Amino acid sequence: MSDADATVQSMADASPAKWHLAHTTWFFETMVLKRFAADYAVFDARFNFLFNSYYETIGARQPRPKRGMITRPSLDEIMAYRAHVDAAIEGLLDGDADPAAEELVELGCHHEQQHQELLLTDILHLFAQSPVRPAYRDGSAPEAVQEAAPADWISFDGGIVEIGHDGRGFSFDCEGPRHRALLEPFRLADRLVTNGEWLEFMAEGGYRDPLLWLADGWAQILEHGWAAPFYWEEGDSGWRSMTLRGIQPIDPAAPVTHVSYFEADAFATWAGKRLPSEAEWEHAAASLSIAPSSDPRRLRPRPASGEPGLKQMFGEVWQWTRSPFTPYPRFKPAEGAVGEYNGKFMCGQFVLRGSSVATPPEHARATYRNFFPPDKRWQFSGLRLAEDI
Amino acid sequence: MSDADATVQSMADASPAKWHLAHTTWFFETMVLKRFAADYAVFDARFNFLFNSYYETIGARQPRPKRGMITRPSLDEIMAYRAHVDAAIEGLLDGDADPAAEELVELGCHHEQQHQELLLTDILHLFAQSPVRPAYRDGSAPEAVQEAAPADWISFDGGIVEIGHDGRGFSFDCEGPRHRALLEPFRLADRLVTNGEWLEFMAEGGYRDPLLWLADGWAQILEHGWAAPFYWEEGDSGWRSMTLRGIQPIDPAAPVTHVSYFEADAFATWAGKRLPSEAEWEHAAASLSIAPSSDPRRLRPRPASGEPGLKQMFGEVWQWTRSPFTPYPRFKPAEGAVGEYNGKFMCGQFVLRGSSVATPPEHARATYRNFFPPDKRWQFSGLRLAEDI
Amino acid sequence: MSDADATVQSMADASPAKWHLAHTTWFFETMVLKRFAADYAVFDARFNFLFNSYYETIGARQPRPKRGMITRPSLDEIMAYRAHVDAAIEGLLDGDADPAAEELVELGCHHEQQHQELLLTDILHLFAQSPVRPAYRDGSAPEAVQEAAPADWISFDGGIVEIGHDGRGFSFDCEGPRHRALLEPFRLADRLVTNGEWLEFMAEGGYRDPLLWLADGWAQILEHGWAAPFYWEEGDSGWRSMTLRGIQPIDPAAPVTHVSYFEADAFATWAGKRLPSEAEWEHAAASLSIAPSSDPRRLRPRPASGEPGLKQMFGEVWQWTRSPFTPYPRFKPAEGAVGEYNGKFMCGQFVLRGSSVATPPEHARATYRNFFPPDKRWQFSGLRLAEDI
Amino acid sequence: MSDADATVQSMADASPAKWHLAHTTWFFETMVLKRFAADYAVFDARFNFLFNSYYETIGARQPRPKRGMITRPSLDEIMAYRAHVDAAIEGLLDGDADPAAEELVELGCHHEQQHQELLLTDILHLFAQSPVRPAYRDGSAPEAVQEAAPADWISFDGGIVEIGHDGRGFSFDCEGPRHRALLEPFRLADRLVTNGEWLEFMAEGGYRDPLLWLADGWAQILEHGWAAPFYWEEGDSGWRSMTLRGIQPIDPAAPVTHVSYFEADAFATWAGKRLPSEAEWEHAAASLSIAPSSDPRRLRPRPASGEPGLKQMFGEVWQWTRSPFTPYPRFKPAEGAVGEYNGKFMCGQFVLRGSSVATPPEHARATYRNFFPPDKRWQFSGLRLAEDI
């Protein structure tokens, strides 16, 4: 990636790579070093304005849609900023650090993992805007194009279950408190919806039948002309998709990705099923051990395989649930600036569960609540079907 | 109301009075007469285009933001249309009507009650746009301005409760199926939040502190400059408000109304409380008998009064809950066009419970789910506080 | 026209009929009676806010795009306002009126004639928005559909000529001062461009070839999909057009109307000609006597006919010139509020010359400068071709 | 300038530096090499899409507002593209080149000079968006802040004069044909309007009095809150301005720059004067010899000085005229793609005359017609006053 690649902002929802790199460092500097490292020398006082994301507690900041105007500092200077702050954090931890500082360092690491994922999704978006369609990483030999086996259905009894993080180990504030939830009996598909199934949905007029869609989703179709997942393009030799490895043919057996909540919901309606609730999903996932790190260089979801049972819960695509992102019972945002992390976004978004090819593997867990507005498509977002018993 | 008053559309969310009058009649004509009245003569074939609201099943229609272009038919012609259809419905019901038709007539009556309320809220909005500020009905002598007594708190044990409509008597499809819900112990305020309490919120900078607000709500403040409830105006003699009885002084003891979900939520945060969930609200309301029809000519919410216990659950202002409008477990939309009634709006809206001064009293019930987007303010919408025990 | 017809505003550029009726009366009240009629009793003090158009000198006013919110006063009340002011003006003129007052009354009459025309064009626009397409006046038997004879070309020598109003009789300030202009030899078509010629332009791809268009005009095509004059619709039996007499077939021999400057300019380029300058047009028109009033109930342009020589200069459609609306040499706006009448609009508009079927015949003169932005199409605007010799 | 500086697009009106560099080279490749250099090997076939500006004749292209998405090719690759094309052009000219090719090479050189200026104005705009406010070139010691002497007025007799380019030496097509124009007697100020005079206009409420402004200009003030020239900021020590040398104090004696046509016109009205027409300006300038190249590294306009007579006609700031950009009599656009150069923009723009500190000195001439829309402010645009005698 060049300095230019790392500087440009391709839409208001995305941020430049350079901004991600600097913002995560700013988080450590602001939340930890300024408060706990007595003799810390601020790297550059202007960075507080440049790299604050949305913390009202911390003050004025570069407007989000103008993050791409920051041609300076350069990528090199930002790497120097990162080294400066990393060294100071190491110094702090080497000493007799305040437990509150250690907790914030842990939060900062998880925060940085989130931005590692966003950095990839935002670069993909940027490169998809360019007529020359650069590849973030060179394409391997094209994957074998295959058909997926039909999905199996795994049953769950329901009843009163416990969900939410129990506080052992790290979690974001919105994952708790752990609490009781009441589930009716349900079934989950053992695998994700595939590109092949999505092509069938398209062939049967899925994008042209308003009765399959939420009203707001249909309005998106009329306004934007959606007729396939984001990044798909029809060419002479069939559908292809822009990926982090450049333009690639669609693999029918691989999970569909880059679909909005609206599309996921319409597909489920078309299929006579529904999306799972986040409680159903978490309850089902709780018993699974998370697969050891998939190849971090893969960058594309792959077909389901292996033993019977729930597959592809993690590491392929985020899975839309039917649950709006709302506070759990007795949820209170954390004190101070980090209280702005999640709570103030609990409106107008839907929860996604699991993790994707872009998620750092150690960042995935069964209680994790990802969330995006229902029209967004640039994340690695797909779906798994559910049904009532 | 003149023909002109009944024709103009004051914003895309609102409809002209004439349109409400014709659309509800169109509903009977389309859903009942065309299907069940063998020899029914359509009043005017063009009305199907003019007065279809959003039924994709039924086809093309006047775009919503252009409902105000329909200067013709006149109000008189629409009254004739109503008489024509009313007579045909009576004829149908006098005979040996199909039970499906009778069910749809009942639905049509409840549908019309909904529009009776919207007609009032939309006229208020229209008259508020006019510099001459007409009154829909002349103001009575100004109400005595008083202070409200502090709220009492009513406790509920929680546990597994049943909510949703049980199918005896009429309900909209989204009110069911009746199902189990799990509640943690909670308390509800015995009365609604008052204008006096809202003035205190304003005086303490409620509209200026971003930490009280959801991010999307704060964006509304920055964009629109919200600093008081909708229709409020500050004058030399204090705050006044546009009402269906013209400009009136604010009564501190009366419930606040015309606030958005964002404002209701920020107020609750400021007060150290929260909004109730819809399940909590319904559980609390289930045991109440709905007050006999309040004076339908009142048109303004009035202060709480009477015996200890939950007050003002119905007939004053709709009460925002913290619950997004989502399908109940095993919910299926009705078959046919009426299946578009509610299900396709289950995204991006919040549930309001109770009923308002504009609601026909017989339209209120404990299971009723009203819903609006979180930024809307032109309905009679207020709030009641809740807290965890 | 009903009260409703007279109240609705169909777009920001158009005004309700009621507003036109009240505004022209307000002009007399404000510019004449308040200043010169000592004992004049203002009809309603609120009307100054409601019916001021754009006079900054006079103060705050109803925002232009919200003129359609004025459902009250009713049409009847506005007619009473007109009678009240008319009587006061008559009283003033019966007495020994100040010559300045008399001059302003004359200006007010010409102002009212302008609004008589706008009232017609705005009603046509409103009725064209309505799916029931009302006719302002019932259609006579359809006109015989005919072919026009080819245009003849009338030559002019050029040289130094005088244009602009000489101050004898009434004129608007922008028509003067009379001044010298230098013309090169040129020719004008003896008649207007016809619908038949326009159909040929369309058939040869006129709306699809960017090289014929000004860049801003081509942008309009891409944004709005222009493919024919405004109000034209293609049906099974060919092109038809919404008119003040309802939907009517296109007459190939009649002048094309409801075209923008961009379209007029593109047509001229396609034809290998150009639009005349306003000085050329006025010089050519100066020697003509204006035809006695055409039938004011006609409301549709008619084919050219009669003796050789310049035809259709007045009373059919306004004719776009290539001249931006700029001040004549030594132009100074009038003193006081009426100085805002024309001068402040001398930017971004093009001059049209002649007059249309909607213009009161006594309002037409050779020096008259009408002006509209180049993308506007709702006026009766057409074109006449010119060329260099 | 870094690769990042050269890549970002700060608004739709501006282009990235890299784009300017590549587009001017593309012009040579497309207009000259592809047509006249038989064995020319296209550098990269994708560049035709990337670097076409607005030539419909040549086909599809990157949408203007998305020029900033082109992070690749890098600045280095674009410099290689330039070297490749330069070499091919040199090879072509060394041989026995077609005179048509030589003419197009000359046009390409002048085209490149235009973009040299735009490159500077666009970088200034980009750097002004950045909170760190980079300087394109380091600031010299601040200039002495001085007062300007009052303007003198130079008289001209008027009469029939000739303006426009006579075809000897290079000119753009819109500068001709040379033709007669009729001027009334007039006077021009001998120098440009200064910052000091502009401060006086501001102090006397120039930005707050609607009667000074064209209606469209006043609308800009209401929408954008204009209260000073573009790039001006008020600080504790008075007004400062973002410049190519970073933030600098305002020099009262230097010409005001970065004002729109609307502001220039309002200032002239306030001063009781007017802007010159382009014919007046050109007639006055025709007798002057253009000053030898001012210091190309100055980058800021400087105060008037020297002998009596017209000063600052070239090399300081472009001077708004009151003339809309329209075709001269008998103007015909050039044949082929280069015919799209100027003619299609003859609508909605005003002519500026002279040249600025950003103009290559050899690019200035008395017949030069620069043009921009009346609300644009990011060019080095100022004004000189005129009056009628």
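Just so it is clear, A, B, C and D label the chains in written order, and each chain counts residues from 1 on its own.
One rule holds in what follows: contacts are C-beta pairs under 8 Å (C-beta built on N, C-alpha and C of every residue); 3 or more make two chains touch, one makes a residue touch a chain.
Source: prediction; values computed, not measured.
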{"item": "Chain of greatest Cα-centre distance to chain C", "value": "A"}
{"item": "Whole-Å gap between the CA centroids of chain C and chain D", "value": "36"}
{"item": "Geometric centre distance via CA averages, chain C-chain A, whole Å", "value": "58"}
{"item": "Interchain centroid distance [CA atoms averaged], chain B/chain C, Å", "value": "46"}
{"item": "Sequence positions of chain A contacting 2 or more other chains", "value": "none"}
{"item": "Complete list of chain pairs which touch one another", "value": "A-B, A-D, B-C, C-D"}
{"item": "Touching residues (chain side chain D, partner chain A) in the complex", "value": "2-8, 10, 18, 46, 49-50, 62, 66, 68-75, 126, 129-132, 134"}
{"item": "Chain C-touching residues of chain D, taken from the complex the two chains share", "value": "54, 56-57, 160, 179-182, 184, 210-211, 213-218, 261-262, 265, 322-324, 326-327, 329-330, 339-340, 344-348, 374, 388"}
